[in-house]
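When the chains are written out, they are named A, B, C and D in that same order, and each has its own residue count from 1.
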Amino acid sequence: MMLWRRFASNRFALVCMIVIVLGLYVTGIFAPLLSPYVPTAQNLDAVAQGPSIAHWLGTDELGRDLLSRIIWGARTAAIVSIVAVSLSTIIGVVLGALSGYLGGWFDTLIMRVSDILFAFPSLLFVIFIAATVKPSAVRFVEQMEIAWGMRGLARSGIIDYFVVFTALSVIAWPGMARLIRGQVLSVKRMEYVAAAESIGASTYRIIFRHVLPNCLSPVLVAVSMGLGGAVMSESVLSYLGVGIQPPNASWGAMIWENSGEWRLHPHLIFIPGAVVAIVIFCFNFIGDGLNDALNPRNR
Amino acid sequence: MPIGDEILLDVKDLKMYFPIKSGMVFQRKVGDVKAVDGISFTVKKGETLGLVGESGCGKSTTGRAILQLYRPTAGQVLFEGENLGDLRGNKLRKVRRKMQMIFQDPYASLNPRQSLGSIIGEPLVIHGLAKGKDKQERVQELLRIVGLNPYFVNRYPHEFSGGQRQRIGIARALAVQPSFIICDEPISALDVSIRAQILNLLEDLQEQFDLTYLFIAHDLSVVRHISDRVAVMYLGRIAELADRKALYENPLHPYTKALLSAVPIPDPTVEAKRERIILTGDVPSPVKPPAGCNFHTRCPMAIPQCSQFVPPLVDKGGRHHVACIRV
Amino acid sequence: MAPLLSVRDLKTYFRTPDGVVHAVDGVSFDLAAGERLGIVGESGCGKSVTALSLMRLIPQPPGRIVGGEVTFDGMDLLALDEEEVRSVRGNKIAMIFQDPMTSLNPVLTIRRQLSEGLELHKGMSRSQARRHSIELLRMVGIPSPESRVDDYPHQFSGGMRQRVMIAMALSCDPQVLLADEPTTALDVTIQAQILDLVKRLCVERRTAVILITHDLGVLAGMTDRLAVMYAGRIVETAPTAELYENPKHPYTIALMKSVPRLDEERREKLFVIDGLPPDLIDPPKGCRFAPRCFAVIDKCWEEMPELMRVTEGHNAACWVDVSKGRS
Amino acid sequence: MLVFIIRRLLWLPLVLLVVSFITYGLGFYGPGDPVEILLGQRTNPEVVERIRHEKGLDRPFIVQYGDFVWNALQGEFGESYKYRGQAVNELIAEKVWVSSQLGFVALVIAVVLGIPLGLLAAFKHGTWADTAVVGATLIFISVPSFIVAPILLWTLVSSLHLLPSAGWNGIFDLRLVMPALVMGIPPVAVITRQTRAAVLEVVAQDYVRTARSKGLYERVVVLRHILRNALIPVFTLIGLSMGGLVEGAFITETIFGIPGIGRLGFESITSRDYPVIMALTLLVATTYVLASLAVDIGYTFLDPRVRTD
């Protein structure tokens, strides 16, 4: 597609794309195969060591292999980013498109709701949701365990993921909805939409063949920035102890556990920190690259 | 061009008001933009009616209201005797097949994400006229008819010049073999030499497919070249409606006279001798049009009665209608 | 009598991702004091770039004036440094642009934008500049200028804004006014007002004018002499009446015949110039109009014709003696 | 103009009502019984029940919420569960002053660094300076604050011994530098990118070409024509980035141990201290709505097109 040719011409953005796809998503999926050690295995006679042959990236204060934890952390980041962003994108696109195309009371309703959600301090709200939704989720899972006899589900931490998804997408969808609504409003006024109407196209066909395809380019940029944002928010949540709980590995949680170590063992913070920064940087750079490739001005 | 007597389109007192809303939460209506303020005219089969006027006079809105792209606020649009206002959903879509539109901006009237094949083929699909191989052939035939290389079927709009895009728009309109086409300023965005190509093409197509045109434009010389009858619009109303020769050689309405005198003629000797009627001031806003005859604020012949009541469109003989009590 | 402004072999190129565009490729003409010269051509022929090059307003990068000489008042404008050019710009040579809607700064009052030139070039104080601005607004026919001078651009209509632009350009009583498509964005009745105003003011103040437009009608009534541009070069130049009466270059002939005239009953078909303007990145060797020319001969493909004398003051760049009849 | 302000101000109570309702609801139906937290897990049920009744926590949701709103209107936000005996108002009052000082300095840093960098990148568009600035801002945005903090701590404190590591005493103390930097860096990046984009767009406008055609000095063209238009969207952004600062305070104050409302907010959530949570949420929501109102009003002064129609 033309877009891909122009995006790929920006070599550095392509590099970032490869880093993300391989570094994050592939490692995430094959975490069990790739990680040299079981992330939770504590090796007490090798505590807080620097990088060595046995432990390429060294070990943390409980003797756990840093590299394995980072690899498993990639899995968390991969899952959280994909699910949270796709959730907020789907909600945002549907609500945004409808309110943009239909207008009237529906549009006003969605806009006022998103105004209110914007008024919320998003971090406070996310932590609040995580702190409140989680226990009721635990109760729900426990009942499910009893009802269907799936042992260990509660302990598996899927609740943490569920909580993080809901929290992140609840504050993310209004942004996406507004973006789509703006796009739909401007595309709706274009003459080729009136042309489609004049040749007798149905409303359904107009929305999905003419309006939405031309709205999606800025969404691509927003999604890539959103993925980066989701990784950052997840690490913040875990850092504050409200997101993914141990034993599941999360970069944010790793940094929180070692936050006191910046004087003695800085590598325990900087290595996961660098990984988070690189991942988010790549997402943002891809977003910039997409934006330039799509921007009509330099076509 | 044989123009029969059968009336294809009959517009009766068409009105199109756009509400102005304001307010944060509860959208209150605070006024109306009276884009089209009661116009009536008929178009016979095979005829080309020119609709001319300056920007803001409501000519484009008229075109879209006729095609029901906007639901008219009042008045009736009868197409082949059928009142389009009563039609909804599929019934309206069926009639749409016979009425098509060509748009002004070649760069905005084609969906950038669609190839030529799907742009021109889409109407065929929507009305189930052709599928697969047959559709492919029909599309290539249409490309040939409008003077484009059928080989372009898989190309995208951004690879074409303004003139070529306008031809694609015409091919799309022809796809469903319409009998009536509204040309909304089809050439004003084009270069001088390209305009001639498109005008000639439109004339050839009219003969070849026995089409009826409503030709909307602001360029009076172009309208004179292509139309059989011409309606001059000012601020949402028709000021004068007559045969081409009568209107250009014997304009009655003061606005038409001023308009014709303002159009420069590409001939220095003629230009030097022409005596211009320069209208003062600007076109009033359609939100609060002047009372009575909406031209009275700028009209050199205005008298007090002009602002008391709206002058009706009266036939002054030879189907030469004019809306002015001073003529 | 030495010309006020003489342009010799002006070349302005633009670097683009696809290559270097030869937008203006060797343009030469003279302008006498108080003379009104028209430059006509289709979009992309380089007429606006020529004007911007005279004013040294070509954005560097991507554009660059690569050659030529522009002598004005005994100075070569292209050789002046930034400081000296600034004393000419707006003071001795002024310019008005096409789109009044975007040519005025939306956040500054009209007074402020009118006074800038006066305070800079004429050393007026703020109060002097304000009084003079009000006079300027009255001169260009803006009603109640005392109260309107402190308004913002968005409170004026398109026609009014163009009048402000004219007032701004003429504020420092320049010797030359460059008008780049000044009325293309305006309605025909407003256009008539603006053209009439420009002509009257420039005759009164003996200001030489270069009027750039694609509209042959506008040029007929406004100019003493005309230059026809095609693909970055002047292909014909002559006194206006002579050019309309007896055009020599095939492009000029074709252009004149492809434009419908207001005072003409319908001719059979408009004359069409087929094809598209040439790609200016690597322009063809011979005459650039050869691919679209109806009178092309072998020599046209080989060698680029220079402007050759046809009659006194009438030059054309064409190898073929095309009398009006043989087309 | 006044009508515009009044209409916007009417909007504030509605937002606060909805925000408080949602927060109260989440708190009420959420987990962890505040009384239990108050007295610790081991107390016997009767005592817990008596205190619940005493504090009226056993009344239906609507009544409790109504009671809360009524008190809130009088500026009464009840007593903190965690810091027993201390009224929420006082608790917040002293901490708000700390946070606003920190927030103000962070905003100043963001504006003082952001705008010039944005202008540099825009006016040197296409050169290495532009790429460098864009690259740098991208990095600033990508590194979460809880990673920037240890980096600064490690460099400025443990290696260079320039600054004390934590704590707070007033705006003129060196302790302020690091947290203000950590909070200020992300908005710097955002403001730089917005300034650059706004200037690049204005430079291409026709009226800039008109200004140059009048022979004005380049600096006059830049100051009077380009900046006057380009800084309008930047001003709007600065107003809206107030919200971002609140979030920054949240983490920064927790890391650096600064007694501001950010840290209070964090603690109150982890300890289910509902009265404090409620008050804080309302406080932040109010500042946000007032900030966007201030931006809109400021907008009318900057852009005449908004004022007259």
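Points to keep in mind about this one:
The criterion applied here is as follows: contacts are C-beta pairs under 8 Å (C-beta built on N, C-alpha and C of every residue); 3 or more make two chains touch, one makes a residue touch a chain.
Here the structure is a predicted model, which is why all the values come from computation and not from measurement.
Shared contact partners of chain B and chain D, listed by label: A, C. When every chain is reduced to the mean of its CA atoms, the largest separation from chain B belongs to D.
For the pairs B-C and C-D, the count of C-beta pairs in contact is higher at B-C. Computed centre separation for the pair chain B/chain C is 32 angstrom, with centres defined by C-alpha atoms.
Measuring from the averaged C-alpha position of chain A to that of chain B gives a distance of 51 Å. Chain A and chain C have centres, each the mean of its CA atoms, that are 55 Å apart. Residue positions of chain B touching 2 or more other chains: 25. Chain contact summary for the complex, chain B toward chain A: residues 25, 27, 64, 67, 69, 93-94, 96-97, 99-101, 103-105, 108-114, 122-123, 126-127, 156, 158, 169, 172, 175-176.
Across the complex, chain C is touched by residues 126, 205-207, 209-218, 220, 224-225, 228-229, 232, 302-305, 308-309 of chain D.
Residues of chain A touching chain D in their complex: 115-116, 118-124, 127-129, 131-132, 134-136, 228, 232, 235-236, 239-242, 252, 255-256, 259, 262-263, 266, 269-270, 273, 276-278, 280-281, 283-285, 288.
The part of chain D that touches chain A in the complex is made up of residues 15, 18-19, 23, 26-27, 29-32, 134, 138-139, 141-144, 146-147, 150-151, 153-154, 158, 243, 246-247, 250-251, 254-255, 265-266, 269-270, 272, 277, 280-281, 284-285, 288-289. On chain A, the positions that touch chain B within their shared complex are 2, 108, 112, 190-192, 194-202, 205, 209-210, 213-214, 299.
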